[in-house]
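Two complexes follow with subunit A in common, the first pairing it with subunit B and the second with subunit C.
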Partner chain A sequence: MYEFEMTRPTTIADAAKALGDEDAQALGGGQTLIPTLKQRLAMPSALVSLGAIPEMKGVCMSDAGEVCVGGATPHAVVAAEATAYPGLAGLAAHIGDPAVRNRGTVGGSLANNDPSACYPAAALASGATIVTNTREIAADDYFQGMFSTALEDGEIITEVRFPVPEVSHYEKFVQPASRFALVGVMVAKFADGVRVAVTGASEDGVYRWTEAEAALSASFSADALADLAVSGDGMISDLHGSGDYRAHLVKVMTGRAVAKAA
Partner chain B sequence: MPKDNGIGAATTRREDIRFLTGEGQYTDDINLTGQAHAVFARSDVANGVIKSIDTTAAMDMPGVLAVFTGEDFTEVGGNPAGWLINSRDGEPMKEPKRPVLAHGKVRHVGDAYAAVIAETKQQARDAVEALEVEIEELPAVIDMASAIGGGELVHDEIETNVCFDWGWIEDNRAATDEAIKNAPHVTTLELVNNRLVPNAMEPRASTADYNPGTDEYTLYTTSQNPHLTRLLISAFVLGIPENKLRVVAPDVGGGFGSKIYHYGEEALVLAAAKKLKRPVKWTASRTEAFLTDAHGRDHVTKIELACEKDGTFIAFRTETMANVGAYLSNFSTATPTFLHGTLMAGNYTVPNVYVNVKAVFTNTAPVDAYRGAGRPEATYSIERVIDMAARELGMDPIELRRKNFIKPDQYPFASAAGLEYDSGNYDAQMDKLEAMIDRDGFAARRAESEKNGKLRGLGVNAYIEACGIAPSNLVGVLGSRVGLYDAATVRVNATGNLSVMVGAHSHGQGHETAFPQVVADMLGIEAESIDIVHGDTAKIPFGMGTYGSRSLAVCGSAVVRATEKIIAKAKKIAAHMLEASDGDIELKDGQFSVAGTDKSVSFGEVALKAYIPHQFPIEDIEPGLEETAFYDPANFTYPSGAYACEVEVDPQTGKVTVDRFAAADDFGNIINPMIVTGQVHGGLAQGIGQALVENTTYDENGQLLSASYMDYCMPRADDLPFYQVDHSDGTPCTHNPLGVKGCGEAGAIGSPPTIINAVVDALQSGGHDVAHVDMPLTPSRVWTAMQG
Partner chain C sequence: MAQVSMTVNGKTVSGEVEGRTLLAEFLREGLNLTGTHIGCDTSQCGACVVHVNGEAVKSCTMFAMEADGADVGTIEGQANADGSLNVIQQAFQDHHGLQCGFCTPGMVMSAAALLKENPKPSEAEVRTYLEGNICRCTGYHNIVKAIMAASGQDVSAIAAE
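Let's look at the complex of A and B:
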């Protein structure tokens, strides 16, 4: 690491103010940022921890029936407390390992938008609302390609509101080493249609598989996918699998997610 | 006899208490007053000319004490290869100098070309970034076939990338060629034995201390063999007299071979400590471990098996390219040759064997012995091609093996690859294995898997390896530049407890528990009163350390010999005390008694008499009770085994799940069955890791793509099944006093082909015409193979 100043504000307002400084960097659970700093691949002058802000923590239900998760809520808490949305709780319960789940936060994951992270699939498939200190952003507008989001510099994810589908499931095929998603598919069936979000596969980051959404909205069964083809073009190709392999897995994982949706 | 802690007792490991409670003392735990910190500047290109290194700015950084570059070590020696291999044409191998720090050229990503010593590690790291370095990048030599073909050179001065072109046994070449030419059936297989990163839990670390008053150095370092490290530094690299250099290898957190070798960082901290007259410490980061620990395996092989129509083996012929990386690590030339080619007859009565190995320099990390060292490569080639031959011949793979097994009445057996096997019983192991794996139930389990949309396969394997390295006379003839004996000193203290100083080094093997069991058994006393001392050249006799599953077979034998001397002397003392003749003294349950009488003295009383020699016949017997023995084995030992596993393949994703795994091993006699079981479990995990998940990938520019755990997959508990392990009823080694063979590497040797054989069986059962898939069998590779 290089040297940096560290602050732990206790209010969103103080955090936003601290992040106004040039080269200041927000610190969520640190599951990506801390290893990056240790490798000296980033050199922020100040870290602003979001971990000491009570109003950014916890899981609750909104009057509209959404599951609302504070931006600084660790995955383990979501896994334990988002019981109203089993698909979301199940997704959180299988991110990384226990250490990651006790430190990593939903806000950190969505702000980083790693193309292999799990939470972006949950947010996009749910049609979630990303609430920041300045505005509300629809998930469909939020994700803008790998490691890229609609967030402005210094903007803080304070809460994420997840509409609760009738049934849902997140099916993940892990990259063997990192156990990030080689391909992860979240299927969420709402009264007005099915949403399917795919993570891990595309060079553009998380995306909605609209053909599958249409097919599953017509008939919510794995068989409904039979005639769909997924192209390997634009899919990530690396040590762990080719684009064609990932494309194949998108369909397999979607089918499994549908079969397991509850 | 103390049955609860003597030979054969499953005593829990006494060293685990300190390891599990965080009380182990590793090299990085040692902090010396006034120590400074070294950080290395490492190449980020695989091949390049060092045009200039300007240290001025770095020297001006806060806390910086010294900067070293390759220029500072041009007058000292290179780190040598420990084994001379001659090519088929009689020419000695090419031995480019391996300097302390790269000089002139950098030759792999991670090659250190400078080091900064500063008050703190952070300051040293900052100063490394302040070095002004110009390196002109050259095309990297990565692919072995291209490297052999010429073009860019790893070492300009040797004018080739081929270190040697070795034939074994060269006199058998023509006969083997002829046998294959005339054979009714020949099975040919090309395969890759994937490169592995050792990944010891503890990264390498070295701290040097220099005493200007006495001109003595102490090096604390992560070593499997402190005396060998001292010898290399003293006789070859820095020239520090051995009597002025103490090497201490304290608790070491895993080695798997990678900590056998001397590395430049050790020489650097010693030189820096002398220059600064301060202790200097270096601890590798995990990234440095990935980039610079000697890697393992990395063979590309074509093997042919010639046989009769009935499956009788006629010949094995292999051509192998073995990657040695950018420099010759200490045993890198022995591993693909005498630890590999000599095992290429396997467990079989095959009459013709010929092995050709070309060792190839590339712009990658050095490659050397890694758990199994050559024998896994041999076993993998043999046992894969046998399985393929069984399919081609329409024979049962177990029956094909049995047909060619050496039979129990054929020992000692001279193998066609030049070794003399002393004992074994491969059919008995296979009988046991078939019961363990429940072969009869396989068909039903396969049907059940198919019902669930999965493909099930059964894979078997038989292996033999050579351990207990090694007879010095023999290996000397074969090119070894060291002897491979070991040594032990048994010191009986005046109060009757014992310190046993051994040349072997324990870094996971459990010596501190197992060796006392041997001594306790021989003396008839409690093992708790015996402590093992290891890992410090100032305390132990000159032994060769721990690798090649040699500790018990070689050093344990030295312990036996030294203890026999103790018993002989103690009997003399007892005879004096009992006023009897030496020949009438018997030792039983820790009591020396006069045969046929009730007169006796205890072991403790004899010990006390030895050190308080009042009324002692000093004209006949020296005071004290301490004996040393060196043991040089008469032959290798030959552990063997039969392994089987069942896998399930998910045809939709290619994911392989190991459902059951059975290992029937013959390790000869067993000192502590619990420790042996643990060694087999660990070896199996490593072998299954190689087979399914571990892969070391360099891109064409020589960048290590799998340089962290984000991309390099280690096997985890949920990748592994519950093992069935059986090592009872072994055939004792015939030439060492304990009858032991060695168990440390077996699991890693026998398991990879077992897994691949099972996966191929599964795929074929699903109608996929897949004859072979190279390791590791990641889901992506298996799925791709299934696509045809």
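Let's look at the complex of A and C:
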């Protein structure tokens, strides 16, 4: 690791100021960034830890009935406290392993936008709002392809607001070596329709499977997917699975998520 | 360089660290607490698991400065006050829960965190909780058995030693 200076501000305002420096980078739970630094794939001159900012931690309900999660809230806390949204709590409870869940944060996961990460599926399927220190971004506008998001340099995810569906479930086919999703599908049924978000599959990162959304909005059952076909074109192909295999899993995982939705 | 201080196994300690100093390095090189092992150094194996404010974390994937002011527990603090093995450690010995022993500090620290949260876990719950702790030797059966035994459950029906 190259040497850097570390600061631990206690307010969002101070963190934003420290991140104004071009070579500074935010540190969430470090579960991705620290391995990246060890490989010398990143070379920030300063790291601004978001771990000591009380206003960025915790789970609460907004007046509009959304589950609001502070940007520096670890996965384990979401798993334990997002009881109003069982699909979200269940997703958080199955990220990585217990030690990773005690450190990794929702803000870090969404900022990183790993194509196999779980939280992007939750944010997109819920139609969440990503709140930063400067603005609010709709999930539909936020994800811009693998490892790419609408965030500007130095912008901090301070909170994520998840509208609570009537029923939902996240079904993950675990890649056992990394414990990320080989394919993961979040299904969320709202009064005005169903949203389906797929992670781990596409070379463009998380996406909405709109054909399944239409079919499930008409009839919320795994059988409604029977006539849909998923193409392997543009799907990730690696030693863990071909594009066609992932395409197949997308439909299987969606069906299972519908069957388990609660 | 910056000054950090924290409580480690009940004692207040302090030292000079760089921004990039990992908690595992501070424990091992700064405090000579070499019971915390570094296996992979890439957050995969769990040999470096310690407790920070009561929670299991991989100390190879946390900076020492982030533990400033925290209450840290390592394998060196697990034995009973009279120096005898605690109930988890004793169960690892009784049930042959280790071979080379490299993974054992992390296993014991993860087990302690599990039993605090879930005092009577099922075999499946133990196996799930240990997802982030890799053992190259034992095949896990006796580790699982030891943790079940440490929780006071009858393990006579669980896989052979």
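Annotations for the structure displayed:
FYI, the second predicted complex is superposed on the first by the 262 of 262 C-alpha atoms of A that agree within 3 Å, B and C clash if a C-alpha of one lies under 4 Å from a C-alpha of the other, contacts with A are read in each partner's own complex, and residues count from 1 in each chain.
FYI, a contact is a pair of C-beta atoms (placed from the backbone, for glycine too) under 8 Å apart; a residue touches a chain by one contact, two chains touch by 3 or more.
The shown structure was predicted, so the numbers you read here are calculated from the model rather than taken from an experiment.
Residue contacts after overlaying the shared chain place A:Arg8 against subunit C, while subunit B stays out of touching range.
Of the two partner chains placed around the shared chain by superposition, neither subunit B nor subunit C is touched by A:Phe143.
In the superposed model, A:His240 makes contact with subunit B only, not with subunit C.
Looking at the shared chain after the overlay, A:Gln31 reaches subunit C, while subunit B stays out of its contact range.
In the superposition on chain A, A:Tyr170 contacts neither subunit B nor subunit C.
The partner that reaches more residues of subunit A, of the two candidates subunit B and subunit C, is C.
Per the touch definition, subunit C reaches subunit A in the complex via residues 2, 18-20, 22, 41-43, 46, 49, 52, 55-58, 61-63, 65-66, 68, 110, 113-114, 129, 131-133.
Within the complex formed with subunit C, the subunit A residues making contact are 1-6, 8, 27, 30-31, 34-35, 37-38, 47, 49, 51, 76, 96-100, 102-103, 179.
Of all residues in subunit B, only 125, 287, 652-655, 693, 695, 697, 705-706, 709-714, 778-780, 783-784 touch subunit A in the complex they form. Only residues 39-40, 173, 176-178, 239-242, 245, 248-249, 252 of subunit A touch subunit B when the two sit together in their complex.
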